[in-house]
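Here chain A shows up in two complexes: once beside chain B, once beside chain C.
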Partner chain A sequence: MGSTRLLLYAARRLLFIVPVLLVALFLVFALTRIVPGNPVDRVAGPYISNERRAELKHIAYLDRPFYEQFALYLRDLSHGNMGTSYTTAQDVSKDLRQRFPATFELVTYAMLFAIAVAIPLGIAAAIKKDSWIDSVARAVSVLGVSMPIFWLGLMLLYVFFYFLDWLPGPVGRTGSATVFIKPITGFLTVDSLITGNLDLFGQVVKALVLPCFTLGFVAMAPIARMTRAVMVEVLQSDYIRTARSLGLPFRVVVLRHALKNAMIPILTIIAAVYGYALGGEVLVEIIFSWPGMGQYSYNALLSSDFPAIQGFVLLVTLLYMVIYLFLDIANAALDPRVRY
Partner chain B sequence: MAIEEIVAPGSSVAGPPPVVGRFGDLVYQLRGNPATFAGLFIVGLIFLSALLGPVLARYDPYGVNLGDAALAPSFTHPFGTDQYGEDVFTRVVVASRLDLIMVLSAVALSTVIGVTIGAIAGFFGHFFDEGVMRSQDVLQAFPRFVFAMAVAWALGPGVTTVIVATAAINIPGYARLMRGLMLSVKESQFALAAVAVGNSRWRLLWRHLLPNCLTPVIVLSTLQCGFTILEAAGLSFIGLGVRVPTAEWGVMIAMGLQDFLQGHWWIYTFPGLAIAVAVLGFNLLGDGLQDILDPKRRRV
Partner chain C sequence: MKRERSRLEDLEALEAFHASVTRRDVLKYGVGAALSLSMVDVLLAACSPAHDNTTASTSKTPTDTLVVAVEGDIDTFDPAFTVGSKPAQTTIQNTFDQLTQYKHADKTVAGVSFTGVDTESIEGMLAEGYSTSGNQVIFTLRQGLTYNDGTPITAQIIEQGYRRIFEAQGISYFLLQMAAVPDPSHIKALDDRRVAITMDAPNLLLMKNNTMHNTSALDIKDVKAHATSSDKWATDYFKKNLAPGNGPFMLDEYVPGDRIVLKANPNYYGTKPKLAKVIQKIVPDAAERELLIKRGEVDMIMVPPVQDLNTLKQDSGLQVLTFPNPRNLFLEMNNKMAPFDKKAARQAVSYAVPYDSILKDVFHGYAQVNRSIIGNGMPSSDFSTWNYNTDLKKAADLLASAGFAKGQGAPPITLTVRADWQEAERAAVLIQANLKQIGLNVSIQKVAFAPFNEQEQGRKLHMWIDEWLSWVNDPWYHMSWNVSSTSPTNYVSYSNPAVDALVSKWTLSLDKEGRIQGSKDAQKLVIADAPHAFLVGPNWNVVLRSNVKGYVYYNDELNRYAYMYKA
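For the complex of A and B:
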């Protein structure tokens, strides 16, 4: 596979993102505009004059038909303007830039934790089928998909914050620290280390523990399950038997030969869970008062903040598509049979 | 390997040979599969409490009694009382009816719509197929829960909202599954034979192809029941589904959250446990059905 062909493939996939984004945006427009009630009434309250109300509607394009609003939004978007949020009164792009790092940091650490536990667990369960470690893997994957994530968060908060008081309560990213640093990357673990603020770093890490564990535990289940299922199948295949009969050490066979071939479905499920978590950890953010995109979208929905909802959907859909693009490229790199 | 296939492993030690008859066979399958049996037991228990719960309850689930507010679990109130003095145990039991109704309706709705879309896409192919699959791609790029939130918000709070919102996010899954099954089944020998003896296209689809795709659909529906409980509870928890005084598991956890700093753990712990157990039951049952209904995986 030539690298130019891979680039061409990536370019084609990137082009495919555009129509998907358009359709997703159109759906959001349709969904928000059919709802009775007008955001102007909710934002401005009942005590403004009718002229002012009409003026506000005009500024937000809300006096125009639905398809014109859509066209105007696309026009503004092409100039890099995502509109102004009705609730925060600043650019949606700025809002999202402020909140994205919080979500990204939380989800990434949670996924790293989930992967670090789930893949070894799945491999061990596959090697020692029907042993105690297999039972543990099974329990983890069954419990992880059975527990309501917001309830798990609450229970952990009760034990580690209320009862034991080891970890900070649901007060956001810095726990009890009131230090404020100017965001450099927006990722507080990185920023606090760059500025050498070890005290803040400790607080940030402590604040991350519970939300990360909550999200990670739920993310762990499908990954462990998939790893076990694929590894069981791969370990029974002929080439593994051959590799073993050639006298290769078991570790090498498992890690280099079996795992490499099992990686494609495992990566697929990781990408799916990661994409899901990036947009879907609303409940975790609400429980832990985490100032990320999930809470932003929730508040935007509750206050009919149309530009904010649109911006959020645009960003999340884009992230999702990019994750899948990376996945496909990784698959192509891992599997020589993949033609593109 | 070859010998194992002829003489199924463990068949001589696992109990008596298969009993003839459907019920006997079911009992035999369940005996070799304790996890499935546990799942069946839990699901049965939920159905039972949904049916009889309101009759057996010792307290009124909406009986506000501020004198008994936020009592810790005791013999008179096994799960304690919430901040309005309502008995948590009664509410957990009574809520099973509402939750079960919401979940079964949502799953039925998404199954019917999704299976129809998928079957049409797979059977007729071409234009239908392209259209359906591309729109699925878009829907899948949405985070599921955010999509449900948006639908629920658009419809306004209520039981119907929860049903429609949780059904909407599951339709793509069914459509995708059904399309794949239909694509493979319609190329099979028996489909060709049915066409050869003169069945019309619709009869072929309804009488010959659809019934042969049902097993995976049943399994998926059972598993979806579990996920739908989680999503319905999540929606109600953040206030977009069923609203506050209602005895519903998600709502009850939300009520517990209000009292979190008072340390009244029992208000949210028990409804959450009920959800976890219910979802666990449906998951175990779904996994087990997969083993039992699939001729290649069932016990010999």
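For the complex of A and C:
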């Protein structure tokens, strides 16, 4: 019965995704057309005839009123056609498929790093409130939220690449490698291991360090602060005091009883940060010449590449919503009070 | 879904989170962080001068591999269409040969000596030779030529390749039309090895226009294999797929947004390249490209930050190559918009431009004085009638004679620059200051590449900075694009019937002396009309690791990797 309810709930949530996507698409569609510049003029250049220019605008529906353009875009989208990018001259869906692994790999490792550091740090800060470790946690949080991500990335590059020469420069996913492999999964850490190319694996890992740290550091701040705040509250609860008075080992009390109850808001913030990172790591990709969706969308914006911008926003919105769907399901698993 | 307490808990936790970061925390840790990071900056700055002048590391790349940091991704792999991406053009240039090419020549331009090309001297490439008779040029192909997939290259294939250019209306269609080759019926295979191109009127432009990478002929077999009912010439397919070529390199791998890798073509008919592989890594940021070459991570960069070139020159691990060329950096004035619809107002602006400051403070000497529509290094370049040395008094007088004394009555002026072009922005600031002194209020507008192009092509800009380098080193080719009133790229809408008459008379003429004198006459008229102010002629700059040799400067500024090697 419970699983049926869960499925029904998931189905309802999936349906809810549609209107949200429509609103997001409408907003981005409107914004791209308000900003000056249109892709046909950019691509066509000065050499083609006015007739051909008009024909290209007609093909791209740009000679029609805004609402018609939007309706036609939705019609194409319903047939699985996200349009053709003016920058790359291929289907936007194919572009996004090609670039998604780079972004996903970067963001996932950055988040794993952020979670691996931030949660223990937040727990330690909560347990040793007002101690030096609490100060460290606060310092990390304040720096994480206040330091511009591009500045951090550039400084890290300057120190660890240019000055110390420990890590590769901003040359994308393969660092200093000069021998490459055909992608299998698209995740280079995995592909290089599958093919047994340890040299490439080493280069790929090295190339991931700085962008992951840059993104991870920023992601770490809210997670560490949230963990600390919630754990402080939970550790003062009656049931924790009871558990401790019953003589349960402190480790068990913290990890099994306190942390589990604190996990719901922590998971919420992790999901929010993960979604933000997937859509918001544009600057990191630009700084590190990372060939992912962020750089793709940045180039699309500069080129007034409407279909590419719309496709990117569509995908990120979708990912965001799917992440939240999984979050709610995870919350249900963690918290028996949650009902459907 | 109902939640009994979890939402409330979330809110409380969020409030706790906000409450836990106090203003005191922000100040305390913020100041601490700022101080500690400033210390890092100070320490690094203290250490960096020695580092800047002598790069400690050597090249990290294998000796048979050239790693090049390129400025951006490709636009298309179709030779007939690529106009906007140097990495795409470079890839095509290195994977396709044309019928003919320019001969190499040691040159000295503006005091700089280098290996370049003699644009008046053309030799065979795919063609072992050519003969000209009247209005016809016959090219004879080398024996045994093949594409890199083994398909023989015949005269019939070359003919079909040109047909595709015309039918699909690629950029080279315009180049051929300009040279009086209006349609594909003018290009015929005479037999398996001979192709004839017939001009409606014999001219000197055809052979030059025909050396460009845009004229590369695709194998018709590949075109047919990827054609569709709505795309007979497979233009969509070849946007993202490089056809089998016939040049010294082959495409090994293309990863969008990341790299374009070339490998040596083992069956190349000409001198085999010394490099086994060329990795073109896409690094859009100029400062990052500079860091990469300094640390030996890449072997070659183009378009380095101009303000750093003198520092890079001191680095023993690097070579800074600078090539003076006929490029024009224009201060463009829309000749149809007030106050620039009056010649005296345009002349006033020309007198007000701080030329010396732009040359020294913006380009740090990596540019040449430019005083005409035909820049230094292009035949017939003539600066003798230019007399717009910076003179604000004269500028103010001319502005008054145009009816805008002290700028009164002149509309506010918007000077537009591309947001990604630092030198243009710096020059704009200097120009703005001088124009203010003669009473013209100028606001600077930075716009992204796409809207800039759109507004420029739509003739919507008022005043702006742009540049032009003609790939064909011919004054009439250059003027056809820039000052002919019917040119699609005459963005300032300049119109002078006398100049138009000269363009019509000399562009296709065979009279070499007459073309030179005619060009000088046209330059005199254009300088007097001042449709643009000629700011400077920026150099083409390349930075190489010290062990990289063999760079040859071509007028199209595309790298020819076949001549390059590592010591």
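As a convention for this text, the second predicted complex is superposed on the first by the 337 of 340 C-alpha atoms of A that agree within 3 Å, B and C clash if a C-alpha of one lies under 4 Å from a C-alpha of the other, contacts with A are read in each partner's own complex, and residues count from 1 in each chain.
Note that a contact is a pair of C-beta atoms (placed from the backbone, for glycine too) under 8 Å apart; a residue touches a chain by one contact, two chains touch by 3 or more.
Computed from a prediction, not measured in an experiment: that's the story for all the values here.
Taking the superposition as given, does A:278 touch the first partner, chain B, the second, chain C, both, or neither?
first
For A:250 in the superposed arrangement: first (chain B), second (chain C), both or neither?
A:250 sits against neither chain B nor chain C.
Tell me which partner A:147 touches in the superposition: chain B (first), chain C (second), both or neither.
A:147 contacts both chain B and chain C.
Contacts for A:286 in the overlay, against chain B (first) and chain C (second): which applies, first, second, both or neither?
both
See if chain A has more residues touched by chain B or by chain C, and give me that chain.
Touching more residues of chain A than the other partner does is C.
Which partner chains sit in contact with A:265 here, chain B, chain C, both or neither? Use first/second/both/neither.
In the superposition, A:265 contacts chain C only.
One more residue to check, A:157. First (chain B), second (chain C), both or neither?
After superposition on chain A, A:157 lies in contact with both partners, chain B and chain C.
Figure out whether A:172 sits in contact with chain B (first) or chain C (second), or with both, or with neither.
A:172 sits against chain C, while chain B stays out of touch.
A:302 in the overlay: touching chain B, chain C, both, or neither? Say first, second, both or neither.
Touch partners of A:302: chain B and chain C.
So, does A:31 touch the first partner chain B, the second partner chain C, both, or neither?
After superposing on A, A:31 lies in contact with chain B but is clear of chain C.
Which residues form the common part of the chain A surface touched by chain B and by chain C?
Residues 35, 142-143, 145-147, 155, 157-158, 162, 286-287, 301-302 of chain A touch both chain B and chain C.
Would you tell me which residues of chain B are touching chain A in their complex?
Interface residues on chain B, with respect to chain A: 135, 137-138, 141-146, 149-151, 153-154, 226-227, 230, 233-234, 237-238, 240, 250, 253, 256-257, 260-261, 263, 265, 268-269, 272, 275-277, 279-280, 283-284.
Mind pulling up the chain A residues that touch chain C in the complex?
9, 35-39, 41-42, 45-48, 52, 87-90, 95, 98-99, 102, 138-139, 141-143, 145-147, 155, 157-159, 161-163, 165, 168-174, 176, 178, 180, 222, 225-226, 228-230, 232-233, 264-265, 268, 286-287, 289, 291-292, 295-296, 299, 301-304, 328, 331, 335, 337-340
If we count contacts the way the header does, which residues on chain C are in touch with chain A in the complex?
For chain C paired with chain A, touching residues are 1-6, 9-10, 12-14, 16-17, 19-21, 25-26, 29-30, 32-33, 37, 40, 44, 47-48, 51, 56-57, 60-62, 65, 67, 69, 73, 75-76, 83-84, 169, 171, 174, 236, 239-240, 253, 255-259, 261, 277, 279, 281-285, 288, 291-292, 294-295, 297-298, 420, 447-451, 453-455, 457-458, 488-489, 491.
Which residues of chain A touch chain B once you look at their complex with the stated criterion?
Touching chain B: residues 20, 23-24, 27-28, 31-32, 34-35, 142-143, 145-151, 154-155, 157-158, 162, 275-276, 278-280, 282-283, 286-287, 297-298, 301-302, 309, 312-313, 316-317, 320-321 of chain A.
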